[in-house]
Amino acid sequence: MPEIVVEASRAMALGVKLCKPKVIPMYPITPQTHIVEALAEMINNGELQAEMIHVESEHSACSALLGAQAAGVRTFSATSSQGLALMYEILPIISGNRMPCVMAVANRALSAPISIWNDHSDAVSARDQGWIQLWVESTQEAIDTTIQLYKICEDHSVLLPGMLCLDGFTLSHVYERAIVPEQEQVDAFLPEYKPYIKLDPEKPITMGPIAFPNSFMEFKKMQHEAMLQALKVIKNVHDEFAKQFGRAYGDGLLELYRMEDAEYALMGMGTLVGTARVVVDKLREEGQKVGLIKLRSLRPFPKGELINATKNLQGLTVIDRHISLGYEGPLFSDVRSALFESDIRINNFIAGLGGRDITQKHLRKALLSLKERREGGWLL
Amino acid sequence: MAEKNTKKIEFTLGAVIREPGSTIKNKTGGWRAMRPVLDQSKCVRCGTCWMYCPEGAIKKDEKGNFVIDYDYCKGCGICANECPVKAIKMELEKK
Amino acid sequence: MPLKEIRIHGRGGQGAVTASEVLAVAAFYDGKYCQAFPSFGVERRGAPVEAFTRIADEPINIREHVYEPDYVILLDPTLLSSVDVARGVKDSGIIIINSNRPASEFRLNTKAKIETIDMTAAAMEIIGKPFVNIASLGAFAAITAEITLESVFKAIDQEFAHKKAVAELNKKAAEKLYKMFRG
Amino acid sequence: MIRGLPEEEFFASGHRACAGCGAAIAMRHITKAAGRNTIVVQATGCMEVVSTPYPETAWRLPYIHGAFENTAAIASGIERALKTLGKKYNILVLGGDGATFDIGFGALSGAIERGHNFLYVCNDNGAYMNTGIQRSGATPKYAHTTTSPAGRVIPGKLEWKKPLPFIIASHRAPYVATASISEIPDLYSKIKKGLEIEGPCYVQVFSPCVPGWGIDSAKSVEVARLAVETRICPLYEIEGGILKITKDIKEPKPVEEYLKAQARFKHLSETQIKEIQAFVDGEWTRIKELEEKKCRFY
Amino acid sequence: MIRGLPEEEFFASGHRACAGCGAAIAMRHITKAAGRNTIVVQATGCMEVVSTPYPETAWRLPYIHGAFENTAAIASGIERALKTLGKKYNILVLGGDGATFDIGFGALSGAIERGHNFLYVCNDNGAYMNTGIQRSGATPKYAHTTTSPAGRVIPGKLEWKKPLPFIIASHRAPYVATASISEIPDLYSKIKKGLEIEGPCYVQVFSPCVPGWGIDSAKSVEVARLAVETRICPLYEIEGGILKITKDIKEPKPVEEYLKAQARFKHLSETQIKEIQAFVDGEWTRIKELEEKKCRFY
Amino acid sequence: MPEIVVEASRAMALGVKLCKPKVIPMYPITPQTHIVEALAEMINNGELQAEMIHVESEHSACSALLGAQAAGVRTFSATSSQGLALMYEILPIISGNRMPCVMAVANRALSAPISIWNDHSDAVSARDQGWIQLWVESTQEAIDTTIQLYKICEDHSVLLPGMLCLDGFTLSHVYERAIVPEQEQVDAFLPEYKPYIKLDPEKPITMGPIAFPNSFMEFKKMQHEAMLQALKVIKNVHDEFAKQFGRAYGDGLLELYRMEDAEYALMGMGTLVGTARVVVDKLREEGQKVGLIKLRSLRPFPKGELINATKNLQGLTVIDRHISLGYEGPLFSDVRSALFESDIRINNFIAGLGGRDITQKHLRKALLSLKERREGGWLL
Amino acid sequence: MAEKNTKKIEFTLGAVIREPGSTIKNKTGGWRAMRPVLDQSKCVRCGTCWMYCPEGAIKKDEKGNFVIDYDYCKGCGICANECPVKAIKMELEKK
Amino acid sequence: MPLKEIRIHGRGGQGAVTASEVLAVAAFYDGKYCQAFPSFGVERRGAPVEAFTRIADEPINIREHVYEPDYVILLDPTLLSSVDVARGVKDSGIIIINSNRPASEFRLNTKAKIETIDMTAAAMEIIGKPFVNIASLGAFAAITAEITLESVFKAIDQEFAHKKAVAELNKKAAEKLYKMFRG
């Protein structure tokens, strides 16, 4: 397929189609719906050989995802906000069962008050639950990362579920140029799905048993180690993809922009990074040595890479599109802990909650704030 | 937990158990306070006891006799209660 | 070409969002980078809606809202009573209004240029219905020269790939509006 | 085969159920009826906890436990996955009454609406036993449980048992049946039928719980039988929307006999027992009517 | 009063519903029937989104929106709180068909089992409209929605509409009724009745959606009327377990007339239309039978 | 009432009873059940004038909690693990509506594999959702903190929901001595519940509206500010309680043990703190200058107090009974971020997952680890 | 969002809205593309239009006439469609 | 008195947990601090269970499991075949076994002292049923002197506050066992 102008949601659906999932349980919620609507269209038109399950809730969507994957097929689902929150109970069950399910999250604020617009509270709130979380900035990155994510999650040294996080509306509903790979290319990159284990009368296994205090913790340690292993796999798969498709996003974990000689930098995830690029360019034109760190992988968290990327910085300002109420931005906490040994100044701003636009002005202010300490800032 | 089993556990990916029916390693006969004793001479081989045993602890042997597997019998007394000819008696377990 | 930003005003159901997308596709056919997005509201059918397009020669990274558009297209002049269509428009900008009245009759709080063109008449004549959203792009191409009419045609063909007749009617209407300015 | 039942056991000995557990009896025969070509999905609950203490499992069939309330949804995923793989296995979904009547009912209702091909079997012991005997929607009126204790001002549970088989039949489920652990051959054939009939089928198995009901471990089958004989547990099936009583109880024993056998009812007054008798009589008449008039559920 | 309906409006003008929205008509009259002494609990959905854009509200009654699937549970909490406060207000629970048939059905079923005193009113427009017309359990067979598109291999939704009023009646709900926005006085009196009768009552209101059904904004009442006249939407009530048809349609129009009026059915083949006609005929016969035979739901 | 020997769960129920909640929606889950069973007994015996709602799921329990509180009464519920996870979607709705609901969480591990035993994954995973979280160590503290929590949450400068977190089994099922206050004492301390707002036909209000991007963020900021305000209120209420009842727990936010001249300290929450006291005592006997920091309030997080408490330390080891899989212990991240400006060494150990016992040996090792850097330790 | 309304919003605790029926501030008449015009001379005052208007935009005045409130009428056309005597005509809105 | 730790072995349903609690209450009546807890398992009726009690003069802060008990009470000797009742018992400890056989017949892997006492006989005689859990505390009081019989009585009265007859029988049985050692 050549380059086209396409809505990010539909582009994602095209990316998913190329990965040939067999079962797609889904439940509608704004702003995720365009993704599954596009998939429904493909299925009902006979263009995608898959079963869509019109479940009655997201709790069941997530459960059907588990069931289908356990039965031995590749799966996909998508959700947002309250939908992800309703899946919440099942998230650690999927990861604890080491099922490499892939799900898109079109990020949207959590109620109350109800808001259908973007922030990162839905997925970031789920950061503890053993799902790989890759965050994307553009339509192209959404397609490319979806394809990568299946390969990462299904790697037998990983075997963890993955979330593809894209900003609701701010990305999901945007039309822009993107290259949709050819099926043969993807087939060459992503092998057919071979479950490491499945429910099969030929070879009966028991999944999801009760673990006593003498074993539970070991399973969690194994999950955690698989997460750390995923740091490597994310990089490798990214590099392989870059080689084959000619498109790269930093090292797969972090993408650095004008960081070579930067003294101050801004760090964030998702679409705000795009606007930040423009801000960095402008400040550079003004002679300011500033740069940008885009975090692609929130979990596993690339601590080593971040230490490396920031070692020559004087200041870093972290933009959180979510807040751990009663404390601070969760990304800020993560970053400060990672860089605990360093001496750089790290500021924090909460921005873009419930669809509040994150403007150039905001990000400029956030970057320039690094001249002083600023931990509890709000970009209103 | 409270059981003697202290052998090293093997940890599988995702806690999958690959050995079907492996609870047979757990000899629940140790739970028994009362012991069912089957009098083959009274038994009419109706299979009622076999059918109702919650433990699957009654089996038909080659000769067609119903025998109790004390490795698993928990001594609930259902077999004795249900036997139409009262061929099973519950006795106090002593060890 | 520096980044150009376009805001399209319409009502839910009038196709402003589709117009913004087709405009982006047209720009793409002109070899440009583009971005189109709606105003992300909860508007129901009939309510005022806005849609946006960005066009540039370079990849477009910016994701903030459009605050100071270069161009505004107003598909439905009845919106003027409830919506500030001149909001933020650059002094150098152009506001294109679907109307059969002269531009001078529209007193808007802006230094931007106002152009009027009777899109509804053209649509009624050619399509037989007051669907002006796609056709308006012909006027836009003519007035702003930011996109070519050929690319508008290609974009329309793509949008209505499965409805060739509709495509043809819309192309004709777009062409008519184009020619009204660049005859 | 013994009494028409296969000898092969798919629910192994060594599980941790209480001595005398009615549900364990049910598990044995449900799995026998399903046979080897079956995938089991089970809800959190007594039977799950006692059967899967890592690293051991009582299951000789492929088995998955996900959570408490989502078995019908997990089964939906499995069913569709098998479809894409071109495989045909029985899908046997197991849940307690808590899992089925209460927390998992939304998922079950949704799965029936979508028409998945599985058999859902509810082991109805009338309370949340795994967590220590709390009230469920299946708990009989006036029963004492730890959350509906027979107290000085409130005498146990206040509501009648939720009429789940009728609710499910009203969904246009192709096959709905009730069974009891006292009638194993009947249970066995209903399970078989439920698996053979295409679409979402439902069998509700009445099975006493030793600590939950306050009965002697030797009495669980006897008490289950009493429930059938007193019409507390009417046995019927609803196929194609038409109800048929599968075991007519012509001369019912008084419900009192059943109630007195259990500690959970020991606080009942005469009036309460009479109220229960009247309710049971009324329900039996109604069911008889539904059968005789051939009232269509769909 | 105008046509027996109060003039006072509790659902204010200025809301953001589409021009011609059937549900908005329903909201006006449901709230009129409920009157001033009412607390409203509403599920996420079109009517909630269009009526509460902060800092404005269309509601002139105390109102709470929590989430999409939990109105019955919120109402349960309110009901018990009022009980402890010694207050008696109407509790009016409002949900769309998605909220009611699908995601919120578990909570509703549980609340009915517990016997809370409220009236649940489902605005049935046959799809998830608020999120852009996706398939729900209430979507009619073959209807095109964005997740059940009429495609080249799959012709829209594949399942029949979930028969919710029967399912709820099977719960032993004291009052269950269907209504239509084309029959406002009937709707009005059913709401009143549902609020008067103690316990969990249910009224399902048929209300067309302009963009969702692909109809002209002027036609929503007309299309609703067609549904009644073709027996697509039979009007009945089930009180004390006994069904009564409240509007007998002696000479039904062909369903085709109803189907052809809507874009969501425009892809239907002759055979599909016939299948729908046969289904509608069958259901009507069955409902008639239930009425005539006095089949008892409980 | 005099001092009695009582199971912590029943003691909590007695504490709750003293606070006179009117509606108690509940759903059973181990190890929380004993709390609500005790309440059911009181209600059915006519000792507590309240309505228990036997909801069909925790999602509904949380929703009924919201409904009852919105209708204008004091409420209570309790849950654990999967139950809390199933409530997850409603947690931020309750806090967003500013409803001062109080809930006990008998902490238990999240599935999979399923475990009924203690760790902190359930409540800690919910730390972002705008609920005050107070963590207790003993039966006495559970009672006392329950009473305090109502007063804190209902304070009109706070108006936020609160969780009382107690370790499942390790505390909930333990019998020990505790003083249960008299009703008159509690009545004097905790005023009758007066809702700041309620659903009332006399004065119709709309709760839970949709907030557009022009207002959503302001509401979150207000919530966050109320959380910060709660830091003060928690302290004040604690002090007031201490004065009236003669029992204190540090300053209400942090409890310091042998910290006066400590060089190294251990930090954690819940019952492990008890065992740590013994370890600290023993190490002190051995001449080691060690101390202990018990965190009572995870949210709001007492950053300033923590900075103060640690300013003379050389090392701090943080015990997390939960892990953010793919990164580290969440408490560790919180602490490192708080102490970012400081130069002390901070180590982290994951301990006690899924009921794994936390022993003196473990904690001794953790404390002594401070002689070197140790971030990813597991106490298996 | 797309609306002119730029006046300062007051933020209440918990986003509670204290002013019942305040959407009346939102003049949805601005949405109207078609205008219903009621011919009082034809009108038989049956109230059908009032009953079916989704906006509550038709009111009975003191004289018992049904009048359309154009501040809120969205021009859906239901009233015209349902009026039994066709007393309402839909006209193209012009402003 | 330094911290003392007691482990009680029984089967689900035999009341080991209740015994551990009543023991704690008895210690409390002796003016001591106490802690009692079950083994937190998922045991069903009939399965082996354990319960623990800690007694001390000072407040008890420790929350770890009991690994090296000072005392063990074995309510049901049939457990010996499946459970290691001597696990971790201090060399200075005492294991109290409900049996009518002499201590010398029990060969356990421990240096702790073994005492046997026929609790079942006493229970059968006095209570008429083999309920030994509460009565065993009489033996415990006598053998260890960690608690007084008076306090055991008070604790029993509290436990069976609503079942006075049961309390009396259990007190009698406890006393009988007490006297068998401290006659």
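Just so it is clear, A, B, C, D, E, F, G and H label the chains in written order, and each chain counts residues from 1 on its own.
We take it that a contact is a pair of C-beta atoms (placed from the backbone, for glycine too) under 8 Å apart; a residue touches a chain by one contact, two chains touch by 3 or more.
For reference, the UniProt names are C, H = pyruvate synthase.
This is a predicted model, so every value here is computed, not measured.
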Those chains which touch chain H and also touch chain A: B, D, F
Graph distance between chain B and chain E, where chains that touch are linked: 2
Looking at Cα centroids only, farthest away from chain C lies chain H
Winner on C-beta contact pairs when F-H is weighed against E-F: E-F
Need the CA-centroid distance for the pair chain B / chain G, whole Å please. 77
Based only on mean CA positions, could you tell me how far chain B sits from chain D in angstrom? 24
With chain centres taken as the means of their Cα atoms, state the distance from chain D to chain F in Å. 39
Whole-Å distance, chain B centre to chain H centre, using C-alpha means? 30
Flagged in chain B as touching 2+ other chains are 1, 9, 14-15, 17, 20, 27-28, 31-32, 74-75
Hunt down the residues of chain A that sit against at least two other chains at once, touch-wise. 54, 56-57, 59, 82, 86, 89, 93, 96-97, 111-114, 116-117, 204-215, 218-219, 355, 357
Any chance you could list the residues of chain D touching two or more other chains? 16-17, 19, 21, 49, 52-55, 57, 59-61, 65-67, 69, 101-103, 105-107, 109-110, 113-114, 137, 210, 217
With touch defined as at the start, can you tell me which chain B residues reach chain D in the complex? 9-10, 12, 15, 17, 19-28, 31-32, 46-48, 50-57, 60, 69, 71-72, 74-78, 80-82, 90
Using the touch rule from the top, collect the residues of chain B that touch chain H in their complex. 1-4, 27-28, 30-33, 74-75, 93-95
Residues on chain C engaged by chain G in the complex (per definition of touch): 9, 11, 39-41, 43, 46-50, 76-84
Chain B touches which residues of chain A in the complex? 96-99, 159, 196-197, 204-209, 211-215, 218-219, 222
Listed in rising order, chain C residues that touch chain A in their complex are 20-21, 24-25, 28, 33-38, 40, 42, 60-65, 67
